[in-house]
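Chain nomenclature is as follows: A, B and C, assigned in order of appearance, with residue numbering initiated at 1 for each chain independently.
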């Protein structure tokens, strides 16, 4: 509650540490901690699967004769667990918490969130068993078997309701960028998810229309769901921790938000360059990827305060910000036909995807989780060393993973496209040669996945100790310093 | 308000309250223009960047969208309007062979030898290798009454096969020409091909009529 | 941003706009029909057998699309033609009979869209060895393909050896390794993949005499009609 008007000349109001933690935090403890713990668990499982699939890339015989871990199925499981397990749970935790905090009240419909979380995760587990037994749909990002997807859609609705209520019942009149992004993610995902389910699984469209719809869903899931979830956390943390208003925050920030939301899903055709679809579909996608550069530029301008800020949350957020902008720039470059000719169908595309969902979204989620868990649980993180270790391993792992997959993809792409005339005969690089040339970078990628798995384990251990054991934790109010009032920047 | 360099990672510090954060940003969004008319360069830069991207987008789409035509898969291809779709040329031997197998072989047999007494042979037949006028009329309108082929008499009924009234087959002129060409170059025959144009001309000339008799056929050139 | 319902409408409208692009694509491609060829006397793309359809399900269930694409790119866009994967790019019409289109996004292995239509297509024995022992179709290369021994079963020889038994060394006497029904379906499916027919319309519309690189100007005298009939520039020799 504001007890004094905000004015640059008045003395800053000192708020006590305990006032920093409100009922909005403590009242939402159950649902949010459940989401965070589920997220951590899935992160570990996807880490194990990622390690398996990355080893299989250079050692095809690894676990090949085990029918439920054959490469195609393991890859489908890894992707589903990462997106619908880790990213969904973590992102929802962040978005719901941000909306509750900025709305000024504890999460309403908290029980709905708990029920929704339980069913979402049960559906995912059933889906994983289904994939292992062979029911994968073989649609990228939508691999979960047909029979669990409607359940997950309904469960998501139950979780999203709380967020929308928190926003609708907010105490302030206006809204802040975090809230726009969070509400957009909560509201838009059920639409694209249900449309994809209907048009791909239940009443499938004909021929290559399936790939067009699938591409639209994949890009929509990134630009309309995961990226907004990540940005909602980042846009809140940067001014909150640095104490300075977001730089360049004026109507262009709103324009950047609308650019993402309007143009984002139009990038769906970017993987269909040269494919069996009319040329206008990849052309529109290429153009949209470049239009989105404006959004990435604006986000960088807004969130650049993260680089100077202290604390572990902003370390993660600044890493995520660099990855986010880098990912956007590479998206627009590699969508161009001349570049796509080399990079499409290679590990390079995988590197880009990992840069986005792991490097950008996941790191921003980590930052937000490191900030919110103490406030929601009332206890500071159990071990500072594990926190620092986690950041180190994650950043090292992601940089190594993206770099090695980029190198592997570049080598692979060039080798696939090279055709030399030797002694009058056409010589092409065989797939065995390509495998030999890319073996070293692929081994590095597997090592990176190992590092990331180790980091995830550390995070989970720290989380469990913080949330469930009293020994070794201190109440967060012991560590928090008083907050003051933000000053409006002079023009 | 600066944050100290050493932060305990176990709990991140908040610098400001939520309410002030929201209020300040709300104010920033609705900021009134400065009375001194100092403009900030940033919005101009952003305007140029945004407009530039849209301009590039429009140019690219103009060139590489294939006019949003579903038939254009190659972005370098121009409009489909001027393109002439050349259907692969029909090989009369192939088409004729399949028509013969389905339509004619029942009576004239796959060997072209016909059946004694009723169905004349096509192998080395003077009717096949001779006048096109007669042959086309036979195929279009059928034959009624006795007919002498290679010195032997045959008395059967051949129904009309062309696109004429009463025809159970209604073969197009192209297909009639194809099957006649096939017959003329099979079974030991060697005679020039017949075109669909020829068949159409004859059909146009004759119009509607009953099946031909041998006398009527002999009157043809 | 203040007005709640307006914000939601804005969000929904933005998403619906992109969905509109899907609907446009649906309108354009939804009624693609097979092309009847007079010479061949049949329609293309050809329908595959029921067993091949089940093989497609096996392909999806094993996730083969994780490493294999099923889309051939046009000759001047990569080495697809030089590798013998197809003489022309894949068109939308090639996929209209497939229940689950699996174009794939990764070429750890070769493209399969035209596996049976290649100049030297594999036969059932090649594919059986590929699935059982990982022996790739290129005779010179070391095996790199993962093995799928769970698609095969080892059983007693009763009467005659099965015609499709796998040649395995060091097998106990009186035993044989045969593909299960899933393996047979998968192999039948792979042998049904044939994209070689050249559709007259798509060929005419997508052939350009001189390919302008992205960013360059096209030759000023090139107009649609005349050039569309020109043969595609053969660039196999110098990529």
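The criterion applied here is as follows: contacts are C-beta pairs under 8 Å (C-beta built on N, C-alpha and C of every residue); 3 or more make two chains touch, one makes a residue touch a chain.
These numbers were taken from a predicted model, which means no experiment stands behind them.
Here the chain at the heart of the shown protein, by mean C-alpha position, is C. The pair with more inter-chain C-beta contacts, choosing from A-B and B-C, is A-B. Chain centres computed from CA atoms place A at the largest separation from subunit B.
For the pair subunit A and subunit C, the distance between mean C-alpha positions equals 32 Å. Centres computed as Cα averages put subunit A at a distance of 47 Å from subunit B.
For the pair subunit B and subunit C, the distance between C-alpha centroids works out to 22 Å. Counting partners per residue, subunit C has 25, 28-29, 74, 89, 91-92, 214 as the residues that reach two or more other chains. Multi-chain contact residues of subunit B (touching two or more other chains) are listed as 64, 68-74, 77.
Along subunit A, residues 173-174, 254, 276-278, 284, 337 each make contact with two or more other chains. Considering their complex, residues 24-25, 28-29, 37-41, 74, 89, 91-92, 198, 200-202, 204-208, 211-212, 214, 218, 222-229 of subunit C touch subunit B.
Interface residues of subunit C, counted against subunit A in their complex, comprise 1-2, 4, 7-8, 10-12, 14-15, 17-19, 21-22, 25-26, 28-30, 32, 59-67, 69, 71, 73-74, 77-79, 82-83, 89-110, 134, 136, 138, 140-142, 144-150, 213-214, 236-239. Chain contact summary for the complex, subunit A toward subunit B: residues 1-2, 6, 12-13, 15, 19-20, 101-102, 104, 172-174, 176-177, 239-246, 248-255, 276-280, 282-284, 286-288, 290-291, 293-294, 297-298, 301, 309-314, 337, 370-371, 374, 380-384, 387-388, 474, 476, 479-481, 483-489, 491.
Those residues of subunit A whose C-beta lies close enough to touch subunit C in the complex are 56-57, 60-61, 64-67, 70-73, 75-76, 134-138, 140, 167-168, 173-175, 180, 183-184, 187-188, 191-192, 195, 199, 204-213, 216, 220, 224, 254, 258, 261-262, 264-266, 268, 271-272, 274-278, 281, 284, 336-338, 341, 344-347, 349-350, 412, 416-419, 421, 426, 428, 430-433, 435. Within the complex, the subunit B residues that touch subunit C are 64, 68-74, 76-88, 90-91, 94-95, 98.
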